[in-house]
Every structure is written in C-alpha cells, then in structure tokens.
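The two complexes that follow have subunit A in common; it is paired with subunit B in the first and with subunit C in the second.
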Partner chain A sequence: MDIFTRNLGRRTVLGSAAAAAAGAMIYPARGTFAASETPVRIGMIDPLTGTYAALGSSEVLGAKVALNEVNKAGGILGRPVELLVEDSAADPGTAVQKARKLVNSEKVNFLMGAVSSAEALSLSQAAEELKTFYLDTGGHTDLVTGTQCRWTTFRTCSTTWMLTAGNFQTLFDKFGKDWYFITPDYAFGHSLEQDYSEQLRKAGGKVLGNALAPLGTTDFSSYLIQARAAKPSVLIILTAGDDLVNSLKQATQFGLDKEMAISGALQELEVLQALPPAARLGWWTFEWWWDQPNQPHVADFVTAYKAASGGKVPSARSWFGFASLHAIALAANKAKTLDTMSMVKAMEGLELPPEVALQPNNPFYRAADHQLIANEFPGYVISNGTYPNLFHVADIVPESKIGKSAAEAGCKMTYPS
Partner chain B sequence: MSVETETRERTRAGSSLPAWSGERLRFAIFAAVLLLAPVWLPLIGSYTDLGTRVLVYALAAMGLNLLLGFTGGLSFGHAAYFGLGAYGTGLMLRYVGPNMWLAVAAGVLLGGFAATLVGPVVMRRRGIYFAMITIAIGQMFYFIAVRWNNFTGGEDGLTGFQREPLALPGGSVTLTGPHFYYFVLFFFAVGVFLLWRVLNSPLGHAMVGARENSRRLEFLGIRVERLTWISFAISGFVTALAGSMNALLNNFTSPLDLYWQLSGYFVIICVLGGMRNFWGPFVGAAIYVIMQDYASTMTKNWLSVIGVMFMLVVLFFPRGLLGVLARRRSG
Partner chain C sequence: MELLLFDAFNGLIVGFFYALMALGLSLILGLNSVINFAHGGFMALGGYLAFTLVPIIGFWGALILAPFAAAALGILAERGLIRPLYGRDPLYSLLLTFGLALILEDITRTVWGAQGLPFAIPNFLNHPLNNVYFFVTGYRVFVVIVTAIATAGLFAVLRFTRLGICIRAGNADLETVASLGVNIYFLRGANFALGILLAGLAGILAAGQLGLTPTMGSSLIMPSFVAIIVGGAGSLIGSLLGGLIIGVAAGITTAYFPSASEVVIYLIMAFVLMVRPRGLLGQEGLFE
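After this line comes the complex of A and B, so read on.
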C-alpha cells in the first residue's frame, strides 16, 4: 500500500510537470488577457507522423500564425484562444479517438484539421455525434461537402471536383485523350479519378486503365510497368504527400517521362521541395500560391510565416490552417456565443476578409453545403527552378465558375430539430 | 510442481478460490475499482472513454493470452479477429438493423468462427512458422476489407453506423458516457469469466501442459494439435468480442483494426504486463492505452517510449510487470 501511494504521488508530480511543459508550448501568446479569462479552446487533429506528416505540419504551423494574430486582436469574445494539436498519423480510427479525447476530456469548443480524406470523413461523423463544430482543413473528397455533408462540418480546401476541373481542359488540349491513372486507394483518389474520368468521357477521351495503390505505398514499380504497357498519351498521378514524391521519383527513374506526359491534379509545395530536379515536371493545380504580387496582405503572411517556420515559405496547407483558424474566430465573434448551432449559422455565408483570404474573388463559405468557394491556381512546374520558385501559376480560376452547386454535389443539409 | 497447481497459481488473481486469505479481498478491490471507474476517472482529470478503451484492449489481449501465454502459440494475426468482430458489428448495425445484442453477436460470431475455421491450418505449425502463418492469414482479412470498397468502405473505413439504444427487459437505455462503460464492462466480465473457467478446467491444464512439454502430452495420448485449435478458437471469440466493443466505442472501424501492426501491439501488451499471469495483459493494456493517450499529445514519438519500455521489460523482467510483482510476493 505504501509503495502504491508513493508511486501515485510520483506519477502525479511527473504528470503535472509534463503538463506544465506542454502548456508552456501550447500557450505562447497569453499575457494580454486578464488571468481570470477562461480560454476558448480549439482542437486541431492532423497527421504529424506518416505519409502526410509534412502536409499536416504545414497546416499546424499556418494555424499557429493565425492564432498569434487572433490573440493579438483580442481573441474570441474577449477571451484568449488556445490551440491543442493532436497527431492522427492520417489514420481515421486514431483521428476519431483524438476527437473524442479533445471534446470529452480537454473540453475544446471547436475542432479543425485533417489532411487525408478518410480522416476528414470519420472526423465529420464523430463531430456531428459530439455536436461539435468541425472545420475540415485539408481532406478533399467530394463526399465531405457532398452526399455525406453534415450540419456541423465546414471545409476550407477545395473539393476533388474543383481540383480536376481546374486543369482538365488544359491537360486534355495539351496531352491528348488516352489517359492512364495511378490512384491512391481511398476516398481522395477514388473521387479524383471519377471526376477526371467523367470529364474525359464527356470530352471524348478514353481511360486506358487505373492502377489502385494503397496509401503509404513506397514501391510503385508494378503500377508504373502497367502504365507503360498501356501506352497512354498522359499518365495522371493522383497520389499525394510522400506517396506523390515516391511515385514521381520512380516514374522518372523508369524513364516514363520520355514516353508519355506525366501530370495530375493536386500538387503541393512540400512535394516539389522534396523532389529531385529531374522529377519536377508536369501540369498540376495548386490551391493557393505564396507569390501573388498584386494581392495585398499576401507578402505580410509570407513574412510572418517565414519567421515562425525558420525560413520556409507558406504552402497551400499553411494557408488552409491559417484561414481555417481565422474563420473560426471570425464566425465565433460574429455569433457572439460558442454554441454550436449559432456558430454554424454564423459560418454559413461567411466571407473571408482580404487579409485572411489572400487571393482574389472574395472567398466565402457557401451556406448550402458548407464548402469554401475560393480559387484554383493551375499551372506548370518549373523544372530547373529553385525553392520556393518551383511553380508557374498560369491562371487563377474562381471555383464559383467550375464547382458544382450544392444540389449537383448531392448535399442535403439537415439540422437537428 | 504439477501442471494443475501451476495453472491454479497463474490464474489465482482472478479466481474466487480462497487460495490464500487476501485473495478474495484483492479481487473485490479490483472489481470495485473497475465498477467505480466512471466516478474516479473524471476526478483525476481523465475521462470515461479512456477507461472503456482500457477494457477493450485488455479483453483483446487477455483473449490472445490464452493462446500466447497459456498454450504457447505466438499469434501475430489476432488483429484479424479483433477487426472482424468490429466489422461484424458495424456491418450489422449499418445494413441490417439497430439491435445492439444482434450486432455484438454478429461481431463475435464472425470473428470467432473465422478463427475456428482458420484453426486447422495453423494448429500444425510450431514456433516461428506458427507466427508466420497467423500473420499471413490475418493480412488476408485486411486486404479483403481494403478491396471490398462498396461493402466495407475500403481504406476509408466503415462509417454510417452508431451505437443504438440498448433494448433491456425494463425498457431501452441510451449508451453514452458511463452507460456505455458499463455495457463494455459487462461484456468484459463475460469474456474474462469464460477465459478463467477454461483455464481452471482440465482443458486449461492440458493447454498449459502443451506449452510446457507438448511431446510428453502426446505420449499421454492427448492431441496437442486439437488443443491448439480449441485454444485458438476460444481466443478468437474473446478477441472478436473486444473488437465488437471497439467498433461501438468509436462508432467507426477501419482496415487498420485488422492490420498486423495491431496484432503486434496486442503481443506487446501481453509481454509488458506479463503473459504468464492471468491479469498481466490487463496491466499491459492499461499502460499502453494511457501512454498512447497522454504521451502522444506531448510527443509524436510516443511509440518509441513504448518501444523502450518493451525492451527493458524483455531484458530485465521477462515475466512482465505483473509477473515480477507476483514473484516478489510469493518468494
């Protein structure tokens, strides 16, 4: 019994010491608020390990930059804001566990995050069950604001349909009509492939084949051999994160880029940075680009982000985290309460101000399906470029022109009575 | 020491036999701690779902431990039966109907019968080959779940089901917070009681005998292979029950619940707590789940912490944490 109590005592001491250390990391921006104010807590669930670690970390860093700004500007309802970050490892099961922990134990007021579509879908379901506001930062599948849309879920990144529609015509005109896909075998890949195929068939093209690669594949050789045998005019690679790095590297090592064009939908700065120059090729779509000389406030964000990241330039993921946290603060201050239903209503139709939007055409969260309507940045990779000048934005396409309407996307929003 | 007294000693902590005076008292304290968990967990700044998760992982690991610790079969594929239990329950709720009893039964039967059917294939193997074949069969179920997209949801996992109100004779109960904890605790008790009865029966003694000296048992006319099969099947049923509870806990299941990595975690849990001890896996599960919950918030390298603990335990306490405590007490 003696040993038991002593152990417990020591554990408590260790635990509180660790908690204090963790606390010091989480709340750097306090001090401008009265000590008596209870903070508003935002729980962020993102992959910090695994295939999507680089993307998840950018989202978190972007959110932290926004957190700093929000707290400097008076927080939410005059209360300081805290960001609690949890690692999902891009596993939907872990993401759900963390969401429960954040809501039940840490009593967070809002949830945000996700890189993989699968975790976005599972988080969306869990959040509705927990009656907690959830903002999907980076899970792209159409379903999240389409047939599986939920009253508690909003989304900052674009739908897979928008990603494909952003550059389909360019790819079709440039590279021809025989397409072969390498698709990650989960929600994100499936809906990208379907969206491209639908447009390709309409335009009179042909899908020569589709190789499904599991998430986290490191060896793409068997899929690349299949692609070579099919002799397409263009190989469309739909993987993301480290999987995209590996597939592009291996495709160029196989010399496929000499036999066919290689392109795809979503491309990201993190990926281009990780690629050897030989594998930097193709036409893709970005969802946000750091270099917009004619757009006010963008340079300020780049400077703030560089200071926070030790010289890294913000990627689209950084902007997702940044804009999402700002959007939550804006909506909560507009709702004047933290109650979920009022928050949802305040968020519906919310237009991002220029210093948050950092792009043209006044992005806003569409009320009917809770999807942010922003812009796509299609263009091509500068093959001999140096970081961060790795991509040339050919065009800025407003998503209001290419996106599906909420009804077309299949969203029927139902609210609790 | 005869096999029979050995089994009794190993399972003593869970037995109601008055092997020595403090036995009943300690079991009563343990039961009270579990029964009151929804009361004391929030007081120490934790939450009820964490307790529920400890029960789920403990049940899965104790199920595995019947095979691993008491029969001597190192299975690296038990996540398959855990996951099948989860999918059985989830699919039943999603496609058939909102009956919790039926859903749990579906999960247990799916996982349990899968283990029973697989048994004859694995029971002839020993040692490393046993581990290899269990891992291969487990991965087979994993790939079925990943590839059968329109039925299982593929890699995205199975969504679209949730805990339904539980139909009881006196009316129906909604399963949230503490209610769900007691729901899981009930099935935990059922599973543990089953394991305890098996281990204290002649069958259980024969299993321990098979672990200690299988050739001698064969000379005595006992079919060791069949014994392994029975152990594998029972262990599969119990692990499937835990999987079913896990699906209900998360209202979600994904192919990672069938993945070999989870099987590895179950083995680690058994070894951490002490696989020769009836309650060893429970202690291991508590450590694992709490580490996962707290350490993963502080560092993304929390698995290294578990890894270091695992190495230390294997090097210095091969009988696991509870094994060390039990030995110190008796010696």
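After this line comes the complex of A and C, so read on.
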C-alpha cells in the first residue's frame, strides 16, 4: 500500500512516531516456541541517558546476550522470554515510575536493573510494594542488602563494603595514611566513604577531608583545589561513570598525580576506555574481568558479547546484566512457577553454574540478605595499555572472606505472613 | 584567604566559557528573537565534529573547521525549522528549539555512542604553567585566550562590517531595517549562524577540558541562560559580564558549600531579577 495515498495528516504521523519512540523497547523472544505460548516478561530499568548511560547500556547488552541463550535453551517453564527495557536516566523518581508502568501496564513478571544506588534503593522499595521480584544489577550501596534489605530484592553487584575491603590494605600499605576523598553526594558515595573511613581509622590512618560533589558534576577544579590544599598522601576518587572520567582527567591535567597518589574503589572498563592515556592511573577494584584465561566459559561469553556489541569486550556491567538475567531464569525454572514468594525461595542460596558465574569460588545468592557472594578483582591500571588490556588484576579476592555477614550488615529479613 | 583567591580565579576561568556560550545565545535572542534551547546541542555537535575531524586534519584544523561545520548545520535548522516561526509568539520557537535540543542529543548518542569519548589536546597545553597556581593549565589559558579572541572578533564584525552594522540595526528596529531594503531573511540566517559558530567553538573548548558526552550540551546550557539573564537580555557586554559573575560565584561556593554550587547561580539570577528585572546591562523594553 502506498503510504502517501493514505489519509494521514503530518501531525498524526509525527504523533504516532513520538508515541512509538516513547514506548518501551521490547526485545522479542527468538527461538522455537509454539505461537500459543504467552511469553514470560522481564522488565529492565537502567540509565540509557545521562552520566551513567554507558554503564547502563553495558548492563542491557549483557542481559540481551543472556536472553538469547535462555530462549535457545527453552526459555522459562517452556515459555519464551521477553526483555522490556526502560530508561531511568539514573533518576530514582523516573525509575519508580517506569517500574510501576512495567508491572501495572506491561504485566512484567520480574524486574531487574539499576546503576545508581539511589535508583536501586527506590526500585527496591517500589518492588516490595508491588510484590514483584527485583534483582538489583548494579546499584552498590550497602543499604540495599543491609539495613534496607527487602524480601523481594536480590543483588548481583557487590556491596560498597566489599568494594573498599577489596583493596583497602593495598592502598594503605602502598600510599600511606593521610587520605582525602572526592565523593559523589548520594547513597553510593556516602557508603563508600564511610566504609573506607571506618577501615582507615582502625588501621591508624587519618581522613584529611571529604569533598562532596553532586552527581553529574562536570567541572571538578574547585574540589581539586581543596584536595591539594589538604596535602594528603593519597587522593581517593569515589565518583563513577562520566563523573569519574572528568575528575580523573582534570586531576591529571592539574598535575596532582605528581604530588600524591590517586586511587579509589570502583573502576570500570567503560571509564578507562573514555580516559586519555595520561589519566589512566591508580589502584582500583574491578568486580569482574574479561580476561581470565584459566576460567572455563569466559572466552565464550567474550565472543558472544563481541558479536552483539560490534567488537566491544564485556565489562563488569555487561556481566551483571548477563548473570542477572540467567539467575532469574534459573530460579524460575527451579521454582516451577512465576509466583513471587516461590521465586524468592528458589533464588535464596542459588549457586550460579560455571557458564554463568564466569569466575572462581562458586558465587551464590546468600539467603540471609539476598546478596550475591562472588569475587573482587583488585589491581592497577596499565598506564600505557591499549583497549581492552587496560587493567592488571593483581588478585581475585573471594567476597566470602572480606564481606560482612548479613547480621553485621544490619539486614533483618522479614517476609509477609 | 589564599584558597579564596584560588577559587575566585578558578571560577573566572570557568566563567569565560559560560560567557562564550552566553554571547551566542544573546546574539540569537537579540535579532532572531529566539530563545535557543538547542544551543547546547549545537555546542556538543561542534565538539563531536571536531573529534571526528582531528584524525584527518589535526587539532588546529578541527578547531577552525568544526565551528563552521556546526554553523552550517545551524543554517539548515534555521532555514528549515525556525524560519516559519518568525513573527509568532516566542513560545513556538522556544518549544521548537527545546525539541531540537533533545533530537541533537539523541543524534550524538546514536552516531558517537552513549559512552564518553576522550578528546586529545596538544601535549604542550596539557600541563600546569606554575607550581603554585597549579589549576592554571596551559589548556585553560588557551580557552581564555580563544574566548577573548572570539569575543574581540565578534565585536569587530558588529562594529566594522556591513553585516555587523545591519545586525545591530536590526536589533534596534527590524522593521525599519527591512523597509530600507535589507534582506532580513538573509540577515537572520547569518546572525543565527554566527551564534552557532560561537557555540561550536565552545564545544571544542569544552571537549578538551571535559571530554565528550552526549549530555554535555544540556548540562552546560542552563548556566549560559542564567548568564544572559543576569547580564541583561540583548546586551552582549552584559552576557560576557554575566558569564564571568556566575563563574566566580559558583567557583567560590563550591569551595565552601559544595551542595549549593548549583543553586547559587539561580539565587543570583533571582536576586538580579528582583532588583533589576532587565539584568545588569539589559535594554529596556525587550521581552517586557
């Protein structure tokens, strides 16, 4: 049919195009399912715009690779699986709004996603109210599986405590006891700073200062002026995403790396890739690394991901998305129902099989606080490296050794009666 | 005390950047009567175009060529989208440019990716000039100098060329200029392009300092709007002054009360609007 002969006004066309663009992006199930099977729907909420856009996009792509594998292997309960992706722009309010829309209008069975700790906390609360299973892929603050743990919420990425404990001793031994922090001013930054400070004081070190920068800060010059005036032995930068790119870039332009060590907790492949070579420095912690030659199945995931991403290697974020979607499918197939309580029970204690875990020490979702107990990959940035060989993993530290117990983290899980 | 001086000085450097954005905005607001929300989008586009051009023609070539490339796209937008809205309520063009800003942001995200990109600057600019004033890097001095040259160039164009005189006359009374036989369609187009040229230049300067992200436009546009409101809508000197004032204010506040660093520029704007509604150097009667 010739579109021009149809009686469509310009405004109608523009309007429907806008409506289509505003709707959720649905990645349809592929594979061989009977047409009569209603798909199982997973709603994924992640920042696709804003400061954390690159991180959120990696999580989504990782989940899509897993989606493909799950559907090839027969889906969930023999039904195809659909992934519905919504953009949160890392804003907690938007994230909750999208979660309600996904559950109430799109009838999704499970929720997953988040990069920012703030959105993870609000999604966790919303999911409990909606009585819907939620898997936090990448919001790190201790609170999510700590004092604010909820029966419907699980988490794949590590806690901020694990991130700091993964390399605290290394930083302290290498760079000395006078620390200065540049901290993003919300839940994630606050937890990281508290966790490092607690360990630093115990070890006999001193916090010289803590500059709180709002999320999305582009110009860090004022904070760096404060930091230098305090004369610390090490500047700990706790920002993430584009904010980490900007702060590291400006710190090295100001020559601060020649006067003090610069390091931090969470480092990511997306950030290192966006940095100019001069600003690639310091000791950090990764939560997963693509190059593990002795670990089976890792290379397969790298190959599958490269094919889906146009040549990019998977980051820790990609693995969060990948492992989380697989975990949901595994738990649902184990529960043999999509009911939230059965799903939660199936997920408690669930051990990730090697082809999903892609790391040593048998990662599992701890029943007491719903936290995945996996590994940290502390090490240093290879300063003259080329993508993707930008980080040297010095050690693989099991989180079961450094993490707090559920009781220490302050989680008292209560279930509906 | 020394720290306060550092922060004020540092803020001044940031202010120069806002001023460059505000000048272009002010130019377009004056003659075209368009509140150009897409200015940040064009700025980002200038930066990204430079990123693509650097491997081909080098940093200096890109510094000159990319702003003109952005200006060319600006002309297309003015011809195709904004022109039909002249003479209507300014709200129409405001809505249009707001939509255009979103479109430009998505275009940069689609073409260059959501991932931040590093923008390499010549190595000799990449170091502090002085050990005490360590925040005065070669590149930041370069930004100030380029801004000064661009501003001087703009004022020279407005003062000494026929085009510039027509723009200034059109600013004062567009109908009379039209009745004297000046092609005001051409004039508006040229003026819009001139404004976008400055935005494109600002984009490259920002890219060298901050790197490239699709959202760079939306995060840098609001301070520039505040700069023209504080400085006075319609006054180019006022825009320059407004940019410097909010830069210094934000710089000092960040040092002592970081959580207020974003809100302080709006407080200044509110104060100026209460005490002197047309801004520090604004024309009487414009948008009143």
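Keep this in mind: the second predicted complex is superposed on the first by the 387 of 417 C-alpha atoms of A that agree within 3 Å, B and C clash if a C-alpha of one lies under 4 Å from a C-alpha of the other, contacts with A are read in each partner's own complex, and residues count from 1 in each chain.
Going forward, contacts are C-beta pairs under 8 Å (C-beta built on N, C-alpha and C of every residue); 3 or more make two chains touch, one makes a residue touch a chain.
Computed from a predicted structure; not experimentally measured.
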| task | Put subunit B and subunit C onto subunit A via the superposition and say whether they clash or fit. | result | clash
| request: Kindly classify A:I402 by the partners it touches after superposition: subunit B alone (first), subunit C alone (second), both, or neither? | output: neither
| task | Using the touch definition from the top, say if A:P214 reaches subunit B (first), subunit C (second), both or neither. | result | both
| query | Should A:A126 be classified as contacting the first partner (subunit B), the second (subunit C), both, or neither? | reply | first
| Once the shared chain is lined up, is A:P92 touching subunit B (first), subunit C (second), both, or neither of them? | first
| field | subunit B versus subunit C as contact partner of A:T49, first or second or both or neither | value | both
| Which of subunit B and subunit C A:C157 touches, first, second, both or neither | neither
| Partner chain(s) touched by A:D185 [first = subunit B, second = subunit C, both, neither] | both
| request: Would you mind checking which of 5-13, 23-31, 41-49 or 95-103 on subunit C runs into subunit B after superposing? | output: 95-103
| said: From the superposed pair, tell me which subunit A residues show up as contacts to subunit B and also as contacts to subunit C. | reply: 48-49, 185, 214
| Where on subunit B is subunit A touching in the complex? | 45-50, 53, 146, 149, 154-157, 159-160, 162, 250-254, 256-257, 293-294, 296-298, 300
| query | Along subunit A, where are the residues that touch subunit C in the complex? | reply | 48-51, 53-54, 56-57, 185, 211-214, 216, 218-219, 221-226, 228-229, 242, 245-246, 249-250, 253-256, 270, 273-276, 278
| field | Of all residues in subunit A, those that touch subunit B in their complex | value | 15, 18, 21-22, 48-49, 84, 86-87, 91-93, 96-97, 100-101, 104-105, 117-118, 121-122, 125-126, 129, 148, 185-187, 190, 214-215
| message | With touch defined as at the start, can you tell me which subunit C residues reach subunit A in the complex? | response | 3, 6-7, 10-11, 13-14, 105, 109, 113-120, 126-128, 134-135, 137, 139, 209-211, 213-216, 219-220, 251, 254-255, 258-259, 261-262
